[in-house]
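Here subunit A shows up in two complexes: once beside subunit B, once beside subunit C.
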Partner chain A sequence: MNAWYSAHVVLFQTTAIYAVLALSFQVVLRSGVFSFASVGFFGIGAYVSANLAKHGVSGVLSMIIVFVGSAIFGYALSLPLVRLRGLYLGMVTFAFDQILIVVANNGGTYTGGPVGLFGIPFDVSTLELFIVAAICLLLVSQLERRSIGRSISVLRVDEQLARSMGVEVNRQRNFIFALSAALGGLAGVLNTFNFSTIAPGGFGFDLIVAGLTMAVVGGIGSWLGAVIGALIVVWFPQVFTFVGSYKAIVYGVLVILVVAYEPGGVLGLLQRGVRAIAALIEKRSSGGAEVPVEEKKVVPSVPPPATTPQKGVTA
Partner chain B sequence: MSVLLEVADVNVHFGGVRAVDGIDFDLETGCLYGLVGPNGSGKSTLLGALSRMTNLTSGRLVFAGEEYQTYSPAKTARMGIGRTFQAVRLIPGLSVLENVMLGGDARTAGVGIFANWLLPWRTRNCERSCREGAMEAIERLELTGLEKRTAGMLPYGTQRRVEIARALAAKPDLLLFDEPTAGMNREERDEVGEVMRSLRGQGLTQVLVEHDMQMITEVCDYVFVMNFGKVIAQGDPEAVVADPLVQEAYLGKRGSKNATA
Partner chain C sequence: MEQVVNAIVLGSCYCLFAIGLSLTWGTLNVLNLAHGAVFMFSAFTCYLLTQHLDLAIPLPWLILIAMAVGAAMELALDLLVFRPIRKRSKTLADAELSMLIASIGAAAIPVTIAQKVTIDSPFTVTAKPINTTEYHIGSVYITNIEILIVVFTLVLTVGLAIWLQRSNSGRALRALSFDAETGGLMGISQGRMSALVLVLSGMTAGAAGVFLAVFLDSLTPESGSDLLLAAFAAVVIGGVGSVWGTLIGAFILAAGETLVSATTSGTWTQAVSFGLIIVVLLLRPSGLFSRVNVNRT
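Right after this comes the complex of A and B.
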C-alpha cells in the first residue's frame, strides 16, 4: 500500500489540484454560464504565486492574495461579459485564455517567456493540498443549499423565470463568475507550489479540454460531480495506459457521450442508480401488504392528477 | 377601497407597433380583475409591463404608493407583484416542493448573495418560513402527497397547478395570471377558479388574463377588454360581455369570415 501510494503520490496531488479547477468550471456551468476563463485564471494564479514565492511571500498569504485578487479581477471582467450568453461568452473567455498565453510568452523575467519558470522555491505537502481542496469543496457545496441553491438551478434553466422569482440575474452571474475566477486562480497556485514550475503550455487548450471534461463528465449539477470528474481525468490515463497519447480523443468522445445520453454526468447516473436501488429495497422490505395502503393514502387526497392524463388528451 | 396599483398612460411600442397604447386604470385592493381581448390585443404585453419584464416606452406605474416603472423585474417581484406565465415554466429536474419553494425565495433573495451562501444561521428562519409557505400553497392547490415527485414527470394540468402554487408561495400582494388554465379541462378550470375566489376572499388582488369568457364571468369582479393595445370596454363582467363593441372585437374574425364567404 505504502509503496503503491508513493508511486502514485503525484496522481493524488494532481487530483486535488484538478478538483479545484473542476469546481471552478462546475460553478459557472451549473449557473448556465458557459465560460472557459477558469483556465486563464489558473495561469494568472500560477505565475503570480511563482513571483510572490520568489519574493519570499508565505504560501498561505499568496493563496489568499491570488484568491481575493482573482475574485476581484473576475468580477471586473464579468461586468462587460454578463450580457453575453452561451457560445459568445465561450468565445470571449477562450480569447481571454489565448491572450494570457501570449502575455506569458512575452512576459520577460516575470514569466520566463516560452520556457516558463522553474525551480520555484516552494513546497507544499499532499495533506495541505487536500485541505485546500476540501475548503473549496465546502465553499462550493454551500452554493447548492437552500434558496441560493434553488436560485442557481433556476438561473441555468430559465432566466426570465429567475427574474420573476426575485433573483437579480446579472448580480448572481457576476458573483458566480468571480467565485469561479478565484477557484481557478487558486488551482494555479496549488499547481505552482506542488510542481514548482509553470510554462505557457501548462494552461493551454489541453487544460481547457481537461477542465471541461471533468465538469461535464463528472456532472455539472453538484460539487460531487467535479470530484468524480477530477478522479476520472487524472486516473483514467493511468489505469488505461493503452490509450496513451490518444487521451484527448477519449476525453472528447466521453464529453459527447455524456452530453448526448446522460446530461447529469456520471453523478447523474449514480444518483439514478441509487434511487432505483432504494425504490427496490423499499418495495422488498415493505412486502405486499404495505404498498397498497400507502398508495391508497395518496390517491384520495389528490384525485385530479390521477385523472388528468386522459382528460388532458380530450381537452 | 384603497388603490393598490395605479397604471397611468402606459405605452409599450415595438418599433411602429403599439402593443400597449396609452393604458390608464387603477386596481383596488382585494378585487379580482379580468383582462380579455382577442389574440395580439396586448394583454400579455401589458402583464409583462406590470411585472417589469417588458420595458415601458412611457408611462407611470405606482404600486402601493411606490413608483416602480424603473425597477428591475426581480425587485418588482420582491416588492410583492407575482406572476405566472402562459407556458408551463417549472424546473423539470427539481421536486414539486423545491419548485414551489422557489416562489417563496422571492422574498428572501434580498438578504444578499453572500449571506445566502455562507451564513446559514441568517437564512435558517427564512428557509423554514419558505417551506411552510410552500406547503400551504401545495395544500391549497391540492397537490399534497406530490411534494417529492419530480415536477417534469407530472401530467400537464398538475404542472400548471404547481406553477400557481409557486406564485402563491411568494405571498404576493398582487398576482398576475397569464392564461393559467390554458390546456386544462372544465373540471380543472373550475378548481383553479375556486382557488382564485378563495384567495380573493382573503384580500389578494388578482388580474386574470383569460380567453374563457365563462370563467371570466364566473370569477371576476371587474373586467377590462383590450383591443389593439387599448382598453375598449370595462365594467361588470356580464355587462361587458353583452357590450356590442366587445362582441365585435371578439367575434370580429368570425363576422368577417362570414362576410367574405
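Right after this comes the complex of A and C.
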C-alpha cells in the first residue's frame, strides 16, 4: 500500500459504495421502471444498520439483514405500485424519498433527528467493501445474460411486445423493484459502517442527483455503466478540483447532455468507439478508404443497450 | 378562524405552484421536477435584489420580476433540454423517462447556486416600502398581502381555466395532450405549445415563490423539493391536467396540513401530502376530479 493509495483510500471506499447505489438505480432504469426509491432505501439501510450496530450486531450480519429486509419491503411496496405506470411511479417514489427525510427528522432516538446518528463503530474493511460491491456486480451482470436478461431488456423497449412474448411483466417489475431496494439498502449499510455517521441530509436531493448521474452518465444499458458512473462521480471532483462545491452543477449539465444527446452514456460511447475502430481496422486490412459516414448516423439510433434488447426483440 | 385564513392562503400558494406542474404533465407528458428549483430561484433572485443589493422594490414589482425569472428559466429548460430530447426519442415512454431524469439534472443547477450563495441557510424576501395593513373582519385578522395572494391565485386560475376551455390556443393545447400526433397533423406546433406552457408554468412558479417567501417569511434552497411533494399531492387529488382539480386539491391539502400542524408539533405536516398521494393513487389513480378517463400509460 503506497502513500498515494492511503491518501485516497476514502475515494476508493466511496467508489465501492456508490457503485452499489448506482447498480440500484441502473437495474430499475434499464427495465424502464421510473423509480427513485433507491435513495429512500439507502436511508432505510443506513439507519437500520446504525440501530443494529447499537445492539452489537456485526457488520456482515446487518448487511444480510438489510439486504433481505429491503428486498422483502421493496417487494411488498411494489405490489400496489405495480399498477402505476411511468410518471406516476416516478412521482410516488420521489415522494417516498422525501417522506423518509421527514421520518428521519422526527424519529427521536432511533434516527437522532436532524442531527443524525454518529459514532457508529467502523465495522467494514475496505477489502470487504470491494468484495460486497463485486458480489453485487456479479449478481446484476448475471441478470443481463440468458433469457432473463433479454426479457428484462425488452420491458423497457416495448412492454406490449414483452407481454406477447409471454414475459410475466408485472412479476418481473416486482422482482426488479425488490432487487433495486435491496441494493439501495445495502449501499446505505456500507455507507454507515464506513463513515460511522448518517444524517437526514445524507440521502436528500443531492444523493438522487448523484445516483442518477452515475446510472445515466455511466450508461443504463449494463452493470459496467454503473461502475463507470461511480468512478466518474467520485473521481471527477478529485481530478478537476476547480469545480469544488459546484460539482452538482457539473453533474446536472452532464446528465442533461447525456440524456439528450447520448442516451447510451459513456458506456455507449465507448462501445461505439470500439466498434468504429474495429470497422476502421477491417477497412484498412481489406484496403477500403474511410469509415462510411452513414454508419455513424445509424448506430446512435439504436436504443442504448445496443446489443441485448435487439437480441430480445428478434428472439 | 385564524387557521382557516392560513389554510386558504397556503392553499393559494400551493395551487399557484401546482398548476404549472399539472399543466406540463397533463399536456406535454413532462413531469418537471425542476419546477421546484424554478420556484425557489425566482424567490432567491428577489432575495438577492432586496437583501444583497439592498434595493427598495415594492411588492408588485417583485412579483413581476419573479414571474419573469421563472418564465425565462422554464423557457430555457424547454428549449435547451426538453426540445432536443423530444426530437431524438423514439417512443413516448422513452421521452418521458429522459425528460424526467433531465429535469432533475436541471434542478441541481439553481439549487447548488443558491446553496453556495446562502451557505445553506434560509433566506427571506422583504419588499420595500413595507405597507402591510391588517383588516379585522369579526374575529379574523387578515393582511392585505394575504388578500393579494388569494385574489391573484383565483383570478389566475379562473383565467387559465377559461383560456383552456374557450380560446383557440387552449383548445389546441388540449388536442395536443389528447393525441400529439393527430394534433400535429392538424397544424398545431408542439414546440410552440410546449414553450407556451412552460413559460406559463414558470410565471406561476415565480409568483408562488415570492408569495410563499413573504407569507412564510423564509425559504431554503431545498424548499423547492419540499413544495414539489405538496404539489404532487394537489395534482394527484385534482387529477393530472385539470385546472379546477388542482385548485381544489391544493385547498384540501392545505386544510389537512393546517389541521395537522395545529394539533401536533408541526414537523409531520409533510406526511399529509404523502398520505394523500398514496391513498388517492391507490383508490382512484385518475384523481378525484379528472376530466377524461383516458388511460395514458
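Note that in this section the second predicted complex is superposed on the first by the 283 of 315 C-alpha atoms of A that agree within 3 Å, B and C clash if a C-alpha of one lies under 4 Å from a C-alpha of the other, contacts with A are read in each partner's own complex, and residues count from 1 in each chain.
In this text, contacts are C-beta pairs under 8 Å (C-beta built on N, C-alpha and C of every residue); 3 or more make two chains touch, one makes a residue touch a chain.
Predicted model only: the values in this text are computed from it and were never measured.
Student: Considering only the touch criterion stated at the top, classify A:Q172 as touching first (subunit B), second (subunit C), both, or neither.
Tutor: It touches subunit B, and subunit C stays clear.
Student: So, A:G204: does it touch subunit B (first), subunit C (second), both, or neither?
Tutor: second
Student: Now for A:L84: first (subunit B), second (subunit C), both, or neither, which partner does it touch?
Tutor: After superposition on chain A, A:L84 lies in contact with subunit C alone.
Student: Looking at the overlay, does A:A95 come into contact with subunit B only (first), subunit C only (second), both, or neither?
Tutor: Second partner only.
Student: Once the shared chain is lined up, is A:I256 touching subunit B (first), subunit C (second), both, or neither of them?
Tutor: A:I256 sits against subunit C, while subunit B stays out of touch.
Student: In the overlay, answer first, second, both or neither for which of subunit B and subunit C A:Q142 touches.
Tutor: In the superposition, A:Q142 contacts subunit B only.
Student: From the superposed pair, tell me which subunit A residues show up as contacts to subunit B and also as contacts to subunit C.
Tutor: Common to the two interfaces on subunit A: residues 158, 301, 303.
Student: Name, in rising order, each residue of subunit C that touches subunit A in their complex.
Tutor: So the residues of subunit C touching subunit A come out as 25, 29, 31, 33, 80-81, 84-85, 88, 90-91, 93-94, 96-98, 100-102, 104-109, 111-113, 116, 222, 225-226, 228-229, 232, 236, 267-268, 270-271, 273-274, 277-278, 281-282, 285, 297.
Student: State the interface residues of subunit B toward subunit A in the complex, per the touch definition above.
Tutor: My answer: residues 51, 53, 72-75, 77-78, 82-83, 85, 89, 91-94, 98, 101-103, 105-110, 113, 116-118, 120, 123, 126-127, 130, 142-146, 154-158, 161, 170, 183-188, 191.
Student: Considering only the defined contacts, which subunit A positions touch subunit B in the complex?
Tutor: The touching residues are 139, 142-143, 145-148, 150-151, 153-154, 157-158, 160-169, 171-172, 175, 297-298, 301-305, 308-309, 311-312, 314-315.
Student: Report the residues of subunit A in contact with subunit C in the complex, numbered from low to high.
Tutor: Going by the criterion above, the answer is residues 29, 32, 34, 80, 83-88, 90-92, 94-96, 98-99, 102, 105-106, 156, 158-159, 204-206, 208-209, 212-213, 216, 245-246, 248-249, 251-256, 259-261, 263, 301, 303.
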